[in-house]
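Given below, in the form of structure tokens, are the structures.
Both complexes below contain chain A, partnered by chain B and then by chain C.
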Partner chain A sequence: MEISRRSLLNTVATGAAVSALPLRRARAQAKPVIKIGVLNDQSGPYRDTGGTTSVVCTKQAVAEFASQMSGYTVEVITADHQNKPDVGAAIARQWYDQEGVDMIIDVPNSGVALAVAGVAKDKNKVHINSGAATSDLTGAQCNANIVHWTYDTWMLAQSTGGATVKAGGDSWYFITADYAFGHKLESDTTDLIKAAKGSVKGSSSYPFPGTTDFSSFLLQAQSSGAKVLGLANAGGDTINSIKQAKEFGLTMDIAALLMFITDVNALGLDVAGGLHLTESFYWDLNDKTRAFTKRILPQSPDNYPNMDHAGCYAGSLHFMKTINKMGVAAPKASGRDIVTAMKAIPTEDDCFGKGSIREDGRGMFNSYLFQVKKPAESKGKWDYYKLVQTSEPAQAWRPLNAGGCPLVKA
Partner chain B sequence: MFSLGFTRPQLIALAVMVAVIAIAPMAVYPVFMMKIMCFALFACAFNLLIGYVGLLSFGHAAYFGMGCYLSAYAAKHWGFPAEICVLLGGIVAAAMGAVFGAIAIKRQGIYFSMITLALAQFTYFLCTQMAFTGGEDGIQNVPRPFLLGFLSLSNDMAIYWMVAVVFLVGFLAIFRIIHSPFGQVLKAIRENEPRAISLGYRVDDYKLLAFVLSTFIAGAAGGMKSLVFGIASLSDVTWQASGQIVLTNLLGGMGTVFGPVVGAVIINTLEFYLSPFGSWVTITQGLIFVACVMVFRRGVIGELGARFKVAL
Partner chain C sequence: MLFGYNLSPILAQSVLGMVNGAFYALLSLGLAIIFGLLNIINFAHGALYMLGAVVSYLLLHFLGIGYWPALVLAPLIVGAFGVLLERTMINRLYKLDHLYGLLLTFGVALILEGIVRNSIGSSGVTYSVPEALRGATRLGFMIMPTYRLWVVVASFVICITTWLILEKTPIGATLRAATENAALVQSFGVNVPRLITLTYGAGVGLAGLAGVMAAPVYSVNPNMGSDVIIVVFAVVVIGGMGSILGSILTGFGLGLLEGLTKSIYPEASGVVVFVLMIVVLLTRPAGLFGKAA
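For the complex of A and B:
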């Protein structure tokens, strides 16, 4: 009996001690540390559109800004949210609570992004979103602790969808990823089609993540008689749907509503050539973007930066500039104040040029409509895009009062 | 006596557990401790069936997950107080358990398990399709409700004590159930069902009641989890979650009182500290599972108990 009691006590005590150990890390540092957490998909369908290249770009921003940091250092940590909202929210909560993370960046997958945005508001920290698309982040579900940097569903619908409708594509069928992002992209595009007196013949939602076979949806699309196949999905799913559409010999026009250069690379120009798509950054846009890409490539040689990656760089840079202005204690005191200050300071960086952040958290930059080059037109590695049209911020983004964001005073 | 049927070693183990719960939040991240307690309670509920009635329900996540959804929905859209949310999660799970259990206990052994699995997958499908669950997004940004309508739980430590109390109440309730005359009959059914029938017990009624009790507690555990994390999502209704709770019980020791708790501590600790390494979590869990069935088949607590000849 005596032994059993002791052994039991020992077991429990050891268990408790072991579980407590890793948390007792020395936090004492010479300078205060600002922590940035890159939270994205590192193993699933969005691992190339975000993934490690986002981490590289964030670290690049920190390295470039290091000489200007006034009395602090910046540490970057990273995690994989596996495209699960509960996993993402739990990591965000733990980062803000335990790890001393001041700002979380990237977070592709709208479902996860909305969850993380809620945690940021709860904990009064900062979240700069680059990877997620849903325009709800600056609309009905906006809050004062987030900035939505790179792109959104409204801007994609307006640009890619608008160009398709203008070219005569007035009847659509959607294949939609069945979560926040897919539905928002479909509904934003549907609004635009309806406004242009077009029609939507139908849509299929597929389970996300995990769907790899799109054949039954493609057949439904074909038999609907619509002219345009609208792909309200992203990353690996878009790649698979386009590939399979080509294999089936689908006769519809394809509107890939969200596509990154990384997806074009995966598809190859003989499949993707001719498609229209929208990004707010392209590596070969001007001297500054080329210089930026040159700095990134040694650390990410097989994956050129796309707009999501560029947003991680630019967002981190702007965050650090704001801290320089507000003082190093500010982000620990109130994330809301930091975001308010970020909105007051104009943005400028190599990727997006001069811009600003609107009061609903929307980053205001140019958006570009590109056409993917045919194999014969491409002159070199990753030379994929022809610029078709540039939209000024005022045209590119949803009007401030149309989003229904409670932060915007009527 | 006040021992409630606890033996001395069990009383000591209980005291240690209560002490750990009381002290741990000073050293360990409270949200992590709460997650362990939610899963420990879920594992205990599962253990009530597998350990004491010998029923392997392979779809217990359906009740846990439904508890999550209901509690989250009640907190977010109806603004119910915390205790009602948790209770509601339990009640809805128990109602589901009553229906599913009534169907499943018509068969024994592997057929019972397969029916529970099928019904759980059916529930999963409903959760992906029904509007109130939010599909792939889940129910997000659930505000922490007030306890009894006026005590704020927004502080992690406040909700910690609520979770601790619910966990201990659930734990003691299960302990009372298995040491009551009703529990004795359950054990008789586990040991020899035809004999229990021949002694005049209506075995099906006993099984069903045990099933409903277990699903109620599982639902309440789920209800707490969604309030702690502010989110209810599909992960909690997947068959992987059902599988994980079986593993938790195997590892801790099926049919022991403290086994599921220890199992939950081990599994969640692994998950927490291995999460930066991605797929290593599942690989490690797999290896542990293999080691468990090869080397210590009675689980951690089961082996300890057998070694020192005490029932823990």
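For the complex of A and C:
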């Protein structure tokens, strides 16, 4: 084939992004405009976990904050990075350089996130990450232009992995998506297992994206004699892995290290019931999260907000609060200064409650260990989780000096 | 045991590979038939496979029609859609370069995937294994979900039947003749355009059938077609463009190769098919079973 499907998609996406340019420029603006770009997967495996619901949540934050904006307006634009770091970085560069975007939010897929974080640093703009998992964003590859809001691999390993180990699951086999995210999730969990004197019997890294059949790895996992199957993957891959594990009657415990409520919805409670998972937001957690969800649902009726979506809302809100304080010219002048100011101001919103942003860019919120309800326990649509354990920020996240972030003074 | 080496893991991985091979074979068979007669590189094939799975889900969800009737109905519905597609669009492209057909069908694939994505989301939906095929079968060296065994056997039977129809029946003979020289066959009173339309419908129906069979194994989602279609094209190229038997054997063979790679070095399972494709193209440009031009 001379023309591959992927390169065609690339061309189409870049074309669409470019053609959107003059239209936006032409609009006359009375007040200065702050631009937020939601960059995520809108057509692939992570579309439901981020996608348009992230856009809806970002716009919701802007709408709610509109009355408080001091002398500026906020415009939200969006693009699809197709899970390709090169596409993501190219859009980020174009947005920052030519479109006047001040802050890019969401960016699931750790590979793309690391690339976009680099662009934000080069261009001295702001990137608030909600969708990506790798703890390297606030570790070895951290920089002064990014905030990592919602969750990371260390926190997932600590919560879901920790609970599994505590329940006696001391020998593991991993099925790992073969890219930055999967490997980081596996290694963060492995550290935890080893610290608890457990063992890792083996792992299979499969090509991402494009793998749909996991039976071969499930068979290797079963014959390794490990007690726990650790799934270091996400989205559709996690769904397929769990579905096929049930099909093969796998006798191991399954630790789905990263799972969103959207994945549970796709699997159904008869398959997913009983699994443990970790999120830093659940729509039915308290009155405020329920009220937030009620505001979002009319615009996203088939996809309830998960923690990634909530992070887009909360992150945008905090960004705008900071601009109110710093002045509308500040983000154009230096993204680094904005991020520094964001770290100095405590955060508060309906989704994550009160929190803060640490020196290394880590958002400090509670993390929650949930168990998925069995069909009989669920009272209705999207009533999926039972809260098992709440971790305070100090326990939930990697200690500040353990990540190796150069911003942290020893 | 062979040379003191335990063979059962290898055998088990081979059998699992055959399951994927079964889907490759069914899909590449349809592609080969379509390319052979219509000279169209049907890029919509993956999307139509996905459509087969989605249709069977919709039949169950909205009409309560289960797996077994869906096995007949869904391919018919997808096939009918294919006939419509051929009648209204593809038939305008026969006189043009391959590239036009490729672009058209690629566009159709994008539209189909977009529609499904907007209606059921990217996480997809699950389709349960039919009651009669639940549980597992002991094969001696492994325990295999009964449904997957059914997929291998059913796909094999369907492939062989299709091949027999094409090779041994008068209708197959007419079809093959039309592939060689359409004008001549038409002069014998055969309605070649109708033959072409029905062939496209049948090829596409095979993709729909593969989709129904895949629904209980994989999550039914809009990307399931694009995940396999590239490999399936490689299968067709390796087998020899338009070679029916070649695509069947290569489909199963590559499933096997991929399965073994997954057990030895899983990171390479995504590229092994393409490495083989390069080797075959370098040594036998017409493919393993293709006739040299």
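Just so it is clear, the second predicted complex is superposed on the first by the 383 of 410 C-alpha atoms of A that agree within 3 Å, B and C clash if a C-alpha of one lies under 4 Å from a C-alpha of the other, contacts with A are read in each partner's own complex, and residues count from 1 in each chain.
Note that in this section a residue touches a chain if its C-beta (ideal position, glycine included) is under 8 Å from a C-beta of that chain, and two chains touch if they have at least 3 such contacts.
It should be emphasised that the depicted structure is a prediction, and the values quoted were computed from it without experimental measurement.
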item: Touched partner set for A:Thr278, first chain B, second chain C, both or neither; value: neither
item: Which superposed partner A:Asp178 touches (first chain B, second chain C, both, neither); value: both
item: Which of chain B and chain C A:Pro207 touches, first, second, both or neither; value: both
item: Touched partner set for A:Val87, first chain B, second chain C, both or neither; value: first
item: Touching partner for A:Ala115 - first (chain B), second (chain C), both, neither; value: first
item: Chain B versus chain C as contact partner of A:Ala79, first or second or both or neither; value: first
item: Contacts of A:Ser43 with chain B and chain C, given as first, second, both or neither; value: both
item: Touching partner for A:Gln60 - first (chain B), second (chain C), both, neither; value: neither
item: Residues of chain A that lie at the interface with chain B and also at the interface with chain C; value: 1, 3-5, 8, 43, 178, 207
item: Residue ranges of chain C in contact with chain A within the complex; value: 9, 12-13, 16-17, 19-20, 43, 99, 102, 106, 113-114, 117, 121-126, 129, 136, 142-143, 145, 147-148, 217-219, 221, 223-224, 226-230, 233, 259, 262-263, 266-267, 269-271
item: In the complex, chain B residues that touch chain A; value: 8-9, 12-13, 16-17, 20, 23-24, 27-29, 31-32, 35, 128, 135-138, 140-141, 156, 229-236, 262, 265-266, 269, 273, 275-276, 278-279, 300, 304, 308, 310, 312
item: Footprint of chain C on chain A - complex, ascending; value: 1, 3-5, 8, 43-49, 51, 178, 204-207, 209-213, 215-217, 219-220, 223, 235-236, 239-240, 243-244, 247-249, 262-263, 265-268, 271, 302-303
item: Residues of chain A touching chain B in the complex; value: 1, 3-5, 7-9, 11-12, 15-16, 18-20, 22-24, 42-43, 79-80, 84-87, 89-91, 93-94, 97-98, 110-111, 114-115, 118-119, 122, 178-180, 207-208
